[in-house]
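The following pair of complexes shares a single chain, subunit A, combined with subunit B in the former and subunit C in the latter.
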Partner chain A sequence: MLLDVQHLTTEFRTRHGVVQAVRDVSFSIEKGEILALVGESGSGKSVTSLSIMGLLSSNGRISSGRILFNGEDLLTKSEHALRRIRGNNMSMIFQEPMTSLNPIFTVGDQIMESIQLHTKLTKKQAQEKMLHLLDLVGIPNPSKRVKDYPHQLSGGMRQRIMIAIAMACEPQLLIADEPTTALDVTIQAQILDLIYRMREQFNISVLLITHDLGVVAEAADRVAVMYCGRIVEDGKTADILSSPYHPYTLGLLKSIPRLDDNADRLYMIPGMVPPPEEVPPYCAFADRCSRAQDACRQGLPPFIALKDRNVRCLNYITEDQ
Partner chain B sequence: MTDAAMPLKVKRSSKWADMWASIYANKAALCSLFFILFLVLTAIVTAVTQSMGIQILPYDPNTGDMEQAFIAPCAEHWFGTDQLGRDIFSRVIDGTRISLSVGAAAVSIALITGTLLGAVGGFFGGRLDNLIMRAMDVILSVPSILLAITFMAALGRGLDKAVLAIGLVSIPEYARIARSCVMAVKANDYIQAARVTGCSNLRIILKHIVPNITSPIVVRATLGISSAVLDTAALGFLGLGVQPPFAEWGDMLARSRSFIFSAPYTLIFPGLAITVTVLAFNLFGDGLRDALDPRSRRR
Partner chain C sequence: MSTEPEVLLELKGLCKYFPIRSGLFKQHVSLLKAVDDVSLKIYRGEAFGLVGESGCGKTTLGKMIAGLYHPTHGQIIFDGQDLAALKEAQRRRFCKDIQMIFQDPYSSLNPRMTVEEIIAEPMIVNKTHHGAEISQRVEHLLSCVGLAAAYKSRYPHEFSGGQRQRIGIARALAVNPKLIVCDEAVSALDVSIQAQILNLLCDLKDEFKLTYLFIAHGLAAVKHISDRIGVMYLGSIAEVAPKEAIYDAPLHPYTRALISAIPVMDPHKRKQRILLQGDLPSPIDPPAGCRFAGRCFERCQFAADKQELQPCGSRHLVACRSAVNAYNARQAAAAAPSAADHAMNG
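So, the complex of A and B:
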């Protein structure tokens, strides 16, 4: 097991008092596995990834839980040790490739920086490695492209450069925070394919953060669905997409527009996601759920372990329904 | 020329060559650069020849002949002579050295200290930021020339101390600009991305943030050179900066102010020297700003 997050709770100090963005989240990623963390905006998926990287903003803190990386608890490590792990052992790519590259340096400079920060290669060796990386991520004519500035490249190219920077030190874990959201649909598929190939080639693990179930279906081995800071269901991608147990997961799947469906209106989950400071002390989805019973509002449902998945619902959907 | 006839292979060059190409394309900046280089050369030549005892200027800039006072510009005295009969042309040329080094030194002090303080404050925020910015407010709350005089009262008189004092009082301007720019740049994803690759805070500030905030600071600095020259003149006028008989543009200007109607040339030429120099620095600063930012580079 490469990454094992246990009972992670992350909270922020805000004007409304302390708000929990991530509540008692546990999941793990094996070596070479792609886990997708799915949820709407504000469900806590990005905060989860920042907690793992140790990059929470100054008003955020991890109030409980453990994050084991290769068996070592990251939360007990010094900032210095964490800095060595970042880039070396874990890397991250972001949603917006337009802004995640420094506009005043050539892309070559930025890849070189990442290589030279973490390896003791000579300049020449580092350059060779850079060209090799660019070739690997599918940048045509790399020796020319390295002299380009970010604004001279397309979004898809920039995301490839970001992946090259992230892969520069052969990390064990790649966190991809909505890596395809800002890209064209055709480019999305290429980038997902690239992430997939990186996994095959280097046996890295990927934490894929997305709100797009299409992305999940295409790339992930396992899925964890988050709602209001909690994981409500997790299991193998094929199982969850074909037969969701949690009513929220079902709602998400039904919200995907379909071409072969002649419905006049798109399906919408009724109600709204409660703001983080108003999440009820019982099942957070109960107030929007058609299957809710009185028991759902009595207390927090336990995380029920079934044979192929875990689900946090008292009245979960069974296969025969 | 059609597209097909265009050369397919674009010549690619290093970052420095790109920057040079951008300045080269901007003729005003290019001329300014040459003028600045010319001033620097003048300063070096006058300094070297004076230390070797060779006189290359038409007259000794520091000794006058009272019988030759207030001669209007003519063939012997191109820029005329001042109230003490000193040749103004020689004094303007000789003054290049002091004025230029005063401007450059004072601005460097303010620029480096101010930018770093502002960048640190803006980057870390919180208590440290408060501490730095309130200290800057204290400096700003006192008129700068008064504060410079106060500094000099503590440091003692002399040109070097005047430069230091002027540098110190203009730190807040740079700190404020740097701070606000850093706060804007800090929010960008590429700063987070730099953290992700394992950059230390110092490295992020120096390598990723400072280069992104150079444009406004460079522009401010080129303007700052002119005010530094004038401030030095003011201090000199109060007997705290450059001491007579040495020539310094601002000082020449200040000392001839009572002859503005009777002998305007005593003011015009040192004033012109300041104006043209300041203009050159401004135009060059403009070109440099464009050259520093790859997105606005001229091609």
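So, the complex of A and C:
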């Protein structure tokens, strides 16, 4: 097991008081596995990834839980030790590659920086490695492109550069936070294909954060669905997407317009996601759920372990329904 | 074929070029051809979906129709009147007939105006309603888009993204438009909210007898709402057809690649993907022949020729010579055996 997150709770100080963005989240990733964390905006999926990287903003803190990476708890490490792990052993790519690249340096400089910070290669060796990396991520004509500034590249190219920087030190874990959301579908297909190839080639593990269940179906081995800061269902992608047990997962799947479906009206989940300071002390989905019973509003449902998945629902949907 | 339905909007050879000035004295050097020679008909009461990747010119096209850009060449014939030929003051009369819903519900509402002021503004500007009528209509519109009338004194920041988009829709409906240009109206919303807004737009279309031009890059959402779909690539239309034909039997290689790139939800039904190489080329000095030639996987012999939209069947138009030829060959092959049967029976 490469990454094991146990009972992670992350909170933020805000104008409305202390707000929990991630509540008691546990999951693990094996070597070479792609786990997707899926949910709508505000579900806590990005905060989970930032907590793992140790990149929370100054008003945020991890109030409880453990994050074991290769068996070592990241939360007990010093900032100095964490810096060695970040970049070397795990790295991250973000949604908007334009804002994560520095506009005043060439992309070559930025890749070199990452290589030279984390390895002891000579400048010449580092340059060779850079060209090799760019070739690997499918950038045509790398020796010319390294002299370009980020604004001279397209969105898909910039995301490839980000992946090249992330892969520079051959990390064991790649955290990809909405890596294709800002891209067009044809470019999205290329980038997903690239992430998949990196996994095959280097046996890295990927934590894929996304709101798009289509991307999950294409890329992930396992999926964890988040709602209001908690994981409500997790299991193998094929199991979850073909027969969801949690009413929220089902609602999410049904509300996506599908190409192979000619229904006149889309299914709608009534109501909306409660703001984080108003999440009820019982099942957060109960007020939007058609299967809710009195018991659902009397306390938090436990995370029930079934044979192929975990589900946080008292009245979950079973196969025969 | 039955008679052609009534045309509400017709575009004829519509172009929008942006000059790129550079060098000493900012001498005019090249043209960015955002929209290049687009001809299109939109029928009254239909929802026309326009899809394409970023930079293909779909938003520029929408803005020209809504009057936010003036076309470089070409005609925009709306209800029998060429809007492109009108002077600014004359054109303003048509503003109320064509309204727009924008992508970002956060930046398209003025944060310093209440919901009532936002929805009332088009009625005041266009002088369509007066006095107490306006306030009543605001309440009516709010209920139409599923918001409580009590919200009218609130400010935009008090609402979620989906609710803001509802306010934007109410504002567009205020002056009883004939055509609504929805520019990526659901792209910024979460899936569960997207479904609510798409259903709302479908309901309002019948209730207010609207025609939609629905611009989006998400093909699945467009399919849900549209009757016909146009696919845009690099400033021109690659294919136009009823939605069933676009999704079940796309002819243009770009449409085929675009549809195959959509992730499928069902992991057991993973399809063969056509992975396009490279990016959308720059619309500054686009390729002279077929616009898609640089990324096309078919590499046909017509790559150097300019491709015009040609009919394939009664309601399907394709701008690809080799796809049209293949279609005609298939039609001929399908017709031939039955003709032979006929001859034998005769």
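To be clear about the criterion, the second predicted complex is superposed on the first by the 321 of 321 C-alpha atoms of A that agree within 3 Å, B and C clash if a C-alpha of one lies under 4 Å from a C-alpha of the other, contacts with A are read in each partner's own complex, and residues count from 1 in each chain.
Just so it is clear, a residue touches a chain if its C-beta (ideal position, glycine included) is under 8 Å from a C-beta of that chain, and two chains touch if they have at least 3 such contacts.
Bear in mind that the values here come from a model prediction, so they are computed numbers and not experimental data.
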Assess the superposed three-chain arrangement around subunit A: do subunit B and subunit C clash, or do they fit? fit
Give the angle at the C-alpha centre of subunit A formed by the C-alpha centres of subunit B and subunit C in the superposed arrangement, rounded to the nearest 10 degrees. 80
Touching A:L101 in the superposition: subunit B (first), subunit C (second), both, neither? first
Pick one for A:K77: touches subunit B only (first), subunit C only (second), both, or neither. neither
Once chain A of both complexes is superposed, is A:G251 in touch with subunit B (first), subunit C (second), both, or neither? second
Please indicate which partner A:K144 is in contact with in the superposed arrangement: first for subunit B, second for subunit C, both, or neither. first
Decide which partner touches more residues of subunit A, taking subunit B and subunit C as the two options. C
Considering only touches as defined above, state whether A:R291 meets subunit B (first), subunit C (second), both or neither. neither
Looking at A:R61 after the superposition, I want to know if it touches subunit B, subunit C, both of them or none. Which is it: first, second, both, neither? neither
Return first, second, both or neither, reflecting whether A:L117 touches subunit B, subunit C, both chains, or no partner chain. first
Between subunit B (first) and subunit C (second), which does A:G87 come into contact with in this model arrangement: first, second, both, or neither? first
After the superposition, pull out the minimum Cα separation from subunit B to subunit C in whole angstrom, please. 7
Footprint of subunit A on subunit B - complex, ascending: 12, 15, 125-126, 188-190, 192-200, 207-208, 211-212, 292-295
Subunit C touches which residues of subunit A in the complex? 40-41, 140, 154-157, 184-190, 192-193, 211-215, 217-218, 237-238, 241-242, 251-253, 255-259, 264-269, 272-273
Which of the residues in subunit C come into contact with subunit A in the complex? 53-54, 160-162, 190-196, 198-199, 202, 217-221, 223-224, 247, 257-259, 261-268, 270, 273, 275-276, 278-280
Report the residues of subunit A in contact with subunit B in the complex, numbered from low to high. 53, 55, 58, 83-88, 91-92, 94-96, 99-106, 113-114, 117-118, 144, 147, 149, 151, 162, 165-166, 168
